[in-house]
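Two complexes, one shared chain (chain A), two partners (chain B, chain C).
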Partner chain A sequence: MDSNKRSNCSRPLLGTRHECIGAIGLIVAVAVISQFLDDYFLTLLTTISIYALAGMGLNLLMGNTGLISIAHAGFMGVGAFSSAYLIHDVGLPVLLSIILAGLITSAVGMFFGLPSLRLKGVYLAMASFAAQIILYWAFEVSRWFTGGQDGRFVDRPTILGVSFFESNHYYLFVLAFTVIGAIVNFNILRSKLGRAFSAVRDRAIAAELMGINVFRTKMAAFGLSTFYAGVAGALFGFYLEFVAIQAFTLFISIQFLAMVIIGGLGKVSGSILGAAFIVILPEVMDSIALMITPNAGEMAPIRMGVFGLIVVVFLIYEPHGLARSWRRFVDWGLARMGVNR
Partner chain B sequence: MDYFLALVVNGIIVGSIYSVVALGLVLIYKATEVVNFAQGELLMIGAYICLEIIVKTGMPFIPAFLMSMGFMAILALIIERVVLRKMLEAPVMSVIMVTVGIGVILRAVVILVWKAISIPFPEIFSREGVSLGFITIGQVYIWSFVLTLIFMGLFGAFFKYTRIGLVMRATASSRKAAESMGVPLTKVFALAWVISAVVSCVGGVLAGNIAGLSPELSFYGIKVFPAVILGGLDSIVGASISGVIIGVLENLGGGYIKDLTGIRGLGPVAPFFVLVGILWIRPTGLFGKKEIERV
Partner chain C sequence: MTLLDVNNVSLAFGGVQALSDVTFTVEEGEIFSIIGPNGAGKTTLLNCISGVYPPTGTIRMEGVEIVGMKPHKRPKLGITRTFQNIALFPTESVIDNVLVGSDYMLRSGVLRTCLYWTPLGCSAGEARAREAALEALGILGLEEFADAPVADLPYGSQKRVELARAMVAKPKLLLLDEPTAGMTTTEKQELTEQVKVLNADHGVSVVMIEHDMGVVMKISHRIMVLDFGKKIAEGSPAEVTDNPKVRKAYLGEEA
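On to the complex of A and B.
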């Protein structure tokens, strides 16, 4: 355990050698397998990767800094529409647009994060709640930007002559972003800024006494978190080839919240597990529901109800989320095999 | 001028329903420090239950109304006992999320049972207009306003003059002190949930009377947030007054700003701009206690 810690510090980019090899192996495996999947599974995989990216952002804010945002779908929308606008109406190259979309979202996020300076807990929740409603309304009204109720079309990107039009190729594009996002996320948590996040979360006053600028740290958390959301939004838009405001409702924001809570607050693995859970759950439920009731109209509410139930159950019985369950499972397995950690 | 007055009167009446719902929200917050994000769904369930009793049993309105209140009380007891009681020590964020989860479940149940369609409420109060001199408004609006006032008065009296009300106020003002004086906290928490659910049932039935029933009713739970923040999250008086203010504002916003600027749909959003503004300038609201934990 001790050597683990040391190597974590000396090689912040990669973690321990085993973790590093394991992670690279997993990524390569996913990348290779994804090339042979049919459209259905590719859709799931792509959605999971994009949600995981957005989830990492939200987790930085909620899990690591102890702030809250009920507007993450709204922020994702800002990113999606910005990138669509920058590419098609302004004519900027794709990668630049994605980065810019992230930055624009970041600016919007920081603006709505400003009240966090003075507020915490429920009051901050209310502020971000208002942000979600105001953003959605802004999407509806500003037709020049979002196409209003009609939405707007976006093309899958072509970069340096390489087209990512095919779904399996596009998945690699998304995967690259998710992997970079995860690496950055890991390393931010081990950096001075990441430690400042935890300090602010655990006790803001003590953090201030240690010389941390609480306001700046919180703004950084909001900026970073919404940057992730913006980039995820842009990727989401490309994937669907169509950005509709209905993809960024309050309910989706709630889903994101549930995602990080179910996955595990403050853990990168939590964001990824949570995303996988939230995306796969409805699919599993649909196949079960199909056996019980052939009535498709009843499926949506059943899906919703089970979702709510799972959120409640997780909060009561596994407040540290799937990341903790996984850890426990691995420890149990290792103990059974007689491996001493 | 008539247009202005019509907007204001309409705002006051719709706002009075916000007040009732806000009252429920503030009650739970004061007693248990939980912000209930499922308030709108409680309201919706209450209205649907009342409708179901009237339609299925053909009971007159008043007993059906009382029965649905009783049902809501039981539902609230279950929610408090099964879920919230286990979250007493949990961080704010988790508690918020758990009420959101409850809201989602209740909403799913409503859509499953009654489908996502609009159902007209049986006509209990006549929709026929009554002239107030300068404008004409439907009787149903006047009744809803009057009933709101009556219920607010009843709850006010309950808190002021009954022993249980006193205990609840004591708990709200200092949980620790109340506990050391032998107040059974869990019972107070449960009671707060019960009252809040009953209050939102009142709001739901009144709102349903005016606009009919649909899952959209749960938006009252959302719209009421600006009201509680404006009034101060822990002020019952504030909630009552600012509910009306928000109602008026929403109507004026929807009416005038649309005419002046052509921006559609600002009415329902206007209160949220106010919400953000208040959180900026004066997070305690108009009547709230000053001791918000500042960071």
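On to the complex of A and C.
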């Protein structure tokens, strides 16, 4: 019985017990520190957490199932507008609206995922590119839903009398979603669904002969992935207190792609680290630009170039992404502390 | 009792007649080998049974017609297989590869996965499946590699991982496509024993394609010989060896 128990524990949520404690410590630390940050850092932290959530979704699709979507900003938009609509026009409670917004996005995502049954690689990328264009166009023309070019206002949520209006309080609200998202992501990866995802990615025919319904697996990947995007979109809308269609352009979709690739495909830590990278790097470069010249505006074109360069260098020297760097760092740290893994 | 009933199965790829009117049955508890020269249609026949291609003719598993049935439904009927060129999932660990074999039995959709630890969740089923997978790996002597990346294992061991993946599916009918190809003599002997144990102790019927005549003669109850997509002989190992047509196909002797 004792050995039995151990074999179950050999696969806890995050690997070893030390890693579990580390992760909980990190979450608590971030939650506490966030309460003392000014608006600038809170904006960064909130954006990272929301992008991380959307990134987890995209990573399930790209990293784990080997499919692709260049429409994740569009899907985020569906979630943002849906939750705004459900709360302000329909009058549903906030949490219910967020879940429903996720489900609506999920349905839209599965619809646009249908081509994945026939298309692969760049062809599927083109199909999802079309999805992004269609969604953006739909946002523009559905004024009753999105406010068109004017966008629409959303209030920060109040739940059971607890207001999340202040940015530091709202961050905790976002963090809760990101943590739950990460836990669910881990659970998916270590159970039947996650194995089906990688089996379909690695060898779809063998997967099918082993009893995996490839159609349903791909649809589940699109559904889950866009559910994450939809919830992230809803959270993003609350944060900005204003949902504008310009926040969900093709450029953002491509940024999400870069995010999961730099972070590390197929790894939860990759989604989080990639989000942090893509949010923080431009800020760091802005600060450097300000040190060189007081007129940061003239540095803007160079900024994009340097950003691209850093991404390329990253892909060459750390093809498995920041998740791998992080792994090495943690292993090194544990070894220094003399912990036996 | 007849387990698998293959009747008048034909399949053409363009102008090439890969299989013509192949008919045979596999009885419960039998090890049935398919032999024949390269290009005789052996793997194609196995692919028809497991659903990769839809042939003409009928294939019945315990009376159920399976031609035209979706490939992923076969494990539920008790049919599972291994592959000529290893078809494992290379980025996964050994145990995750094996678990895929039994996954069709697990009831865990998206919701159960999200509720992992709750009574409705899938953690209990996962734990049971893991135990069964470890047991299968233990039987094949691979337990210590359970958490290793499957791509790191040598060829012979990867073949055995495939066998473990098929075993945990608890098949009634196991299709083996050249299970000993590329193995050393010792590995071949071990694998032959393991197939015999599966057959004798676990009641698994086996359809096996194999080029190593030593292995075939040692464990087969019956043998079918294919040549150019046609069945040219069927019978016990002794009958098949003595068949002049078989000698011609293999050795080019005049019949």
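As a convention for this text, the second predicted complex is superposed on the first by the 309 of 341 C-alpha atoms of A that agree within 3 Å, B and C clash if a C-alpha of one lies under 4 Å from a C-alpha of the other, contacts with A are read in each partner's own complex, and residues count from 1 in each chain.
Here is the rule we use: contacts are C-beta pairs under 8 Å (C-beta built on N, C-alpha and C of every residue); 3 or more make two chains touch, one makes a residue touch a chain.
The shown structure was predicted, so the numbers you read here are calculated from the model rather than taken from an experiment.
A.B. asks: If you stack the two complexes on chain A, which partner ends up touching A:L224: first (chain B), second (chain C), both, or neither?
C.D. replies: In the superposed model, A:L224 contacts chain C only, not chain B.
A.B. asks: On the A-aligned overlay, A:A258 touches which partner chain: chain B = first, chain C = second, or both, or neither?
C.D. replies: A:A258 contacts chain B only, not chain C.
A.B. asks: A:V214 in the overlay: touching chain B, chain C, both, or neither? Say first, second, both or neither.
C.D. replies: After superposition on chain A, A:V214 lies in contact with both partners, chain B and chain C.
A.B. asks: Would you sort A:L37 into first (chain B), second (chain C), both or neither based on which partner it touches?
C.D. replies: In the superposition, A:L37 contacts neither chain B nor chain C.
A.B. asks: Would you check which partner chain A:A300 touches, where first means chain B only, second means chain C only, and both and neither mean what they say?
C.D. replies: first
A.B. asks: Check whether chain B or chain C contacts more residues of chain A in the superposed model.
C.D. replies: B
A.B. asks: Under the stated touch criterion, which partner chain does A:A247 make contact with: chain B (first), chain C (second), both, or neither?
C.D. replies: Neither chain B nor chain C is touched by A:A247.
A.B. asks: Would you check which partner chain A:R195 touches, where first means chain B only, second means chain C only, and both and neither mean what they say?
C.D. replies: A:R195 sits against chain C, while chain B stays out of touch.
A.B. asks: Who does A:A204 touch here: chain B (first), chain C (second), both, or neither?
C.D. replies: The answer is first: A:A204 touches chain B but not chain C.
A.B. asks: Would you please give the residues of chain A that touch chain B in one complex and also touch chain C in the other complex?
C.D. replies: 214
A.B. asks: How about chain A: which of its residues touch chain B in the complex?
C.D. replies: Touching chain B from chain A are residues 62, 66, 68, 112, 114-123, 125-127, 129-131, 133-134, 137, 140-141, 204, 214, 250, 254, 257-258, 261, 297-298, 300-305, 307-309, 311-312, 315-316, 319.
A.B. asks: Under the stated contact criterion, what part of chain A meets chain C in this complex?
C.D. replies: The contact residues of chain A facing chain C are 7-8, 184, 187-188, 190-193, 195-196, 198-199, 201-203, 205-214, 220, 223-224, 266.
A.B. asks: Considering only the defined contacts, which chain C positions touch chain A in the complex?
C.D. replies: Checking each residue of chain C against chain A gives 50-52, 70-76, 80-81, 83, 87-92, 96, 99-101, 103-104, 106, 108-110, 113-114, 116, 122-123, 126-127, 130-131, 134, 165, 169.
A.B. asks: Please name which positions on chain B make contact with chain A in the complex.
C.D. replies: Residues 29, 35, 83, 86-87, 90, 92-94, 96-98, 100-105, 107-109, 111-112, 115-116, 222, 225-226, 229, 233, 263-266, 268-269, 272-273, 275-276, 279-280, 283, 292-295 of chain B touch chain A in their complex.
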